[in-house]
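In the two complexes below, chain A is the common chain; its partner is chain B in one and chain C in the other.
Our next item is the complex of A and B:
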């Protein structure tokens, strides 16, 4: 398969991104505004210490990744049972897996373009223009890594599950536990101080390393799980998901590599 | 009457296949996840060990579950209207009024059946951390039933507006999510007032606020929440209005005679 053929897969993803981005951005801003109002005004009015605002916001931003990648996954799983577009792409001569690389690229592009500006907007809203002990470049790197992780996670799930199972069971049985045990609404060390046993159990959730990694990249490392640990776990998780995704593809559409 | 019975049986038959999944998800997984996440971990970070505040924060989350179930019911009606035209077929063989009443009634009962055990199950998971010293369980039952009524009626109005399934996700984010956040799902009315008085005044016009106020009042028994009687009157009044509106819109949409 020539470069020109491969690039078509990626160009298609860019086209999809352009078509959907504005709508997704508006939806993302609506949801984030609610989180921000709660963190900045409502929860402190109930007695929350304002120093939690930024770390909790960095965790809350993951809900955008969950929602936007889940919605994209609905299209993929419906497409496999409906229009069979993925089967068509995989059946093209040469490496059909390039179609999957392009999907990962599309998911990632979508999430980085969504999360990065909204994250910046939220940080400005919470703290104004102020300096953070961490680096913005490090934060961007973590946003990229988190986006790749979510791209692999939801793509694997959408290929593995049939539409009914995806819509009915993926949230309560897979994403729900990852979300709740993923440090979105709390920081791991705070929970480890109060309930050490539960905190050890939460270390099994890869989403925890996403939220703690984002916090560690922008704020000080000492209060959060260290950045190198987060990056290592996320890279390993991505590799495992990549393997599972290929297995899911074989299982769902009976794909034979290299034919 | 026979039509009503047949249509109700058809609805039951439709969900029977997924009953096991629904029971596992709504009687076990969701109460556990919401209980541990919103009733224990998040409040522990925000306020330290404070069961009363944790309960105050958490019980509003029942609104999210109510609206999810109601939204699912309404989306199913939408799918049957815009896809295989099942709704239109049912209207032809009975009457629009019969179909509307049956669908609404079934959705409300379905919502109540799934949501009624939510708080008791959370209590089992959280134990004494779920503060129920002053809880009036009959009032909790009433609040859950009224919450189901309002959620279903609102979801029906929204589903009557839209023409295809692709718009359903936008509906959720733009027309449901803000109402829930300003409906006391996470923070009660008095805290919204305290933080931003203008937002508090606006939130008073949100009917969902009265569902969470009633639930909080039932669970915590404090006088700082709107009285359950006022809440009930507002919820029932708004629900009737929403049902009438959705009846009119849906009838117009499917051009029923």
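Our next item is the complex of A and C:
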């Protein structure tokens, strides 16, 4: 398969991205604005220490990744049972896996383009223009890695589950626990100080390394799980998901007969 | 007409049909919602958030955050039922058949009533779970058991009528997503979701006034009265009256939109 053929898959993803991006960005801004108001004004009025605003915001940004990739996952699982477009792509001459690479690329592009500007907007809103001990480049790298992780996670789930199972079970049984134990609403070391036993349990969630990695990249390493650990765990998780995704594809799709 | 025997029997048939459809899903819903989701929800909202925000798992402020977050469950469940209603109008179209056999108010009313009771029952099954899961870390010594059922049913009624109203005017799946994000999220966060109305008011008066416009505020404040009442909350009589008014307004508006859709 030539580069020209492969690039078609990727160009299609860019086309989809362009079509959907503006609406998704508005949705993301609406949700994030509400989170920001709560963190900056409402919770401090309840008695929360303002020093937690930025770390909690960096965790909260993951809810965008969850929701955005979950919604795209619905399209994919419905496509496999309905319009069979993925089957068609995978049955084209050459390596069908290129279609999957393109889907991962599309997911990632969508999330990076969504999360990066919203993250910047939120940080400006919370702290104005100020310097952080970490680096913005490091933060961008973590956003990219987190986006790739979510792309693999939701793509695997959407290929593995049929639409009914995806809609009924994926959130309460898989994403819900990952979300809860993923450090979205807390920083791991603070919980470890207060309840050490539970904190060890949280280490099982790969999402924890996403939230802590984002915090570690922008703020200091000392208060969060160290960045190299987060990166290593995320890369390993992505490799495992990649393997599971290939298996799920083989299991669910028949290139010739359809579903 | 509403009190006639034939109307009541039609209403009953329609109501029982809803139960027949949903009883197959009861086990899955109980497993997903009452067992699995209650664990994660209770853990985060009842333990982790208070610990993170205030440094203590047992704290009135923690209960205030927990009570506010309960409305998230109402939104999720009532929108699930309303989505089925939307799919019926636009995809399966059973509702059009029902309309030929029964008055539109019976068709719409039976669904809203069934959904309200089902949502209230699910939430009622869910409510003891935080205490079971969190044990002594969850303070129930100030709960007002007497008003809890009324608040649960009235809140379920308000959210169900709201969800049906929303799904009576949306016409596409894409619009559903827009309603969920751009309307629900704003109403929820401005509806004293994470902080009491008084805290919002003290942070800035504008937030306090805007919050009074959100119907969700009255639900969150009502649940706060149930868990741990206090003078810093909007009075219960006001919140309950407001929820009754909002429920009636959403119901009548939804019914009117439904009538416009089906009487052609």
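One rule holds for everything that comes next: the second predicted complex is superposed on the first by the 253 of 259 C-alpha atoms of A that agree within 3 Å, B and C clash if a C-alpha of one lies under 4 Å from a C-alpha of the other, contacts with A are read in each partner's own complex, and residues count from 1 in each chain.
Rule of thumb we're sticking to: a contact is a pair of C-beta atoms (placed from the backbone, for glycine too) under 8 Å apart; a residue touches a chain by one contact, two chains touch by 3 or more.
Worth saying up front: this structure is predicted, and the values here are computed from it rather than measured.
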Exercise. Do chain B and chain C fit side by side on chain A after the overlay, or clash?
Worked result: clash
For this session: Please indicate which partner A:185 is in contact with in the superposed arrangement: first for chain B, second for chain C, both, or neither.
Result: both
For this session: Have a look at where A:43 lands relative to chain B and chain C in the superposition and call it first, second, both or neither.
Result: both
Exercise. A:81 contacts which: chain B (first), chain C (second), both, neither?
Worked result: neither
Exercise. Of the two partner chains, chain B (first) and chain C (second), which one does A:71 touch, if any: first, second, both, or neither?
Worked result: both
Exercise. Is A:172 in contact with chain B, with chain C, with both, or with neither (first, second, both, neither)?
Worked result: both
Exercise. Can you list the residues of chain A that meet both chain B and chain C?
Worked result: 23, 26-27, 30-31, 34, 37-38, 41-48, 52, 56, 71, 168-169, 172-173, 176-177, 179-180, 185-187, 190-191, 194-195
Problem set entry | chain B to chain A touching residues, read off their complex | 18, 21, 25, 29-30, 33, 36-38, 41-42, 44-49, 53, 56-57, 169-170, 173-174, 177-178, 181, 186-187, 191-192, 194-196, 199
For this session: Write out the stretch or stretches of chain A touching chain C in their complex.
Result: 23, 26-27, 30-31, 34-35, 37-38, 41-48, 52, 56, 71, 168-169, 172-173, 176-177, 179-180, 185-187, 190-191, 194-195
Exercise. Which chain C residues qualify as touching chain A in the complex?
Worked result: 28, 32-33, 36-37, 40, 43-44, 48-49, 51-55, 61, 64-65, 177-178, 181-182, 185-186, 188-190, 193-196, 199-200, 202-204, 207
Exercise. What does chain A use to touch chain B in their complex?
Worked result: 23, 26-27, 30-31, 34, 37-38, 41-49, 52, 56, 71, 164, 168-169, 172-173, 176-177, 179-180, 185-187, 190-191, 194-195
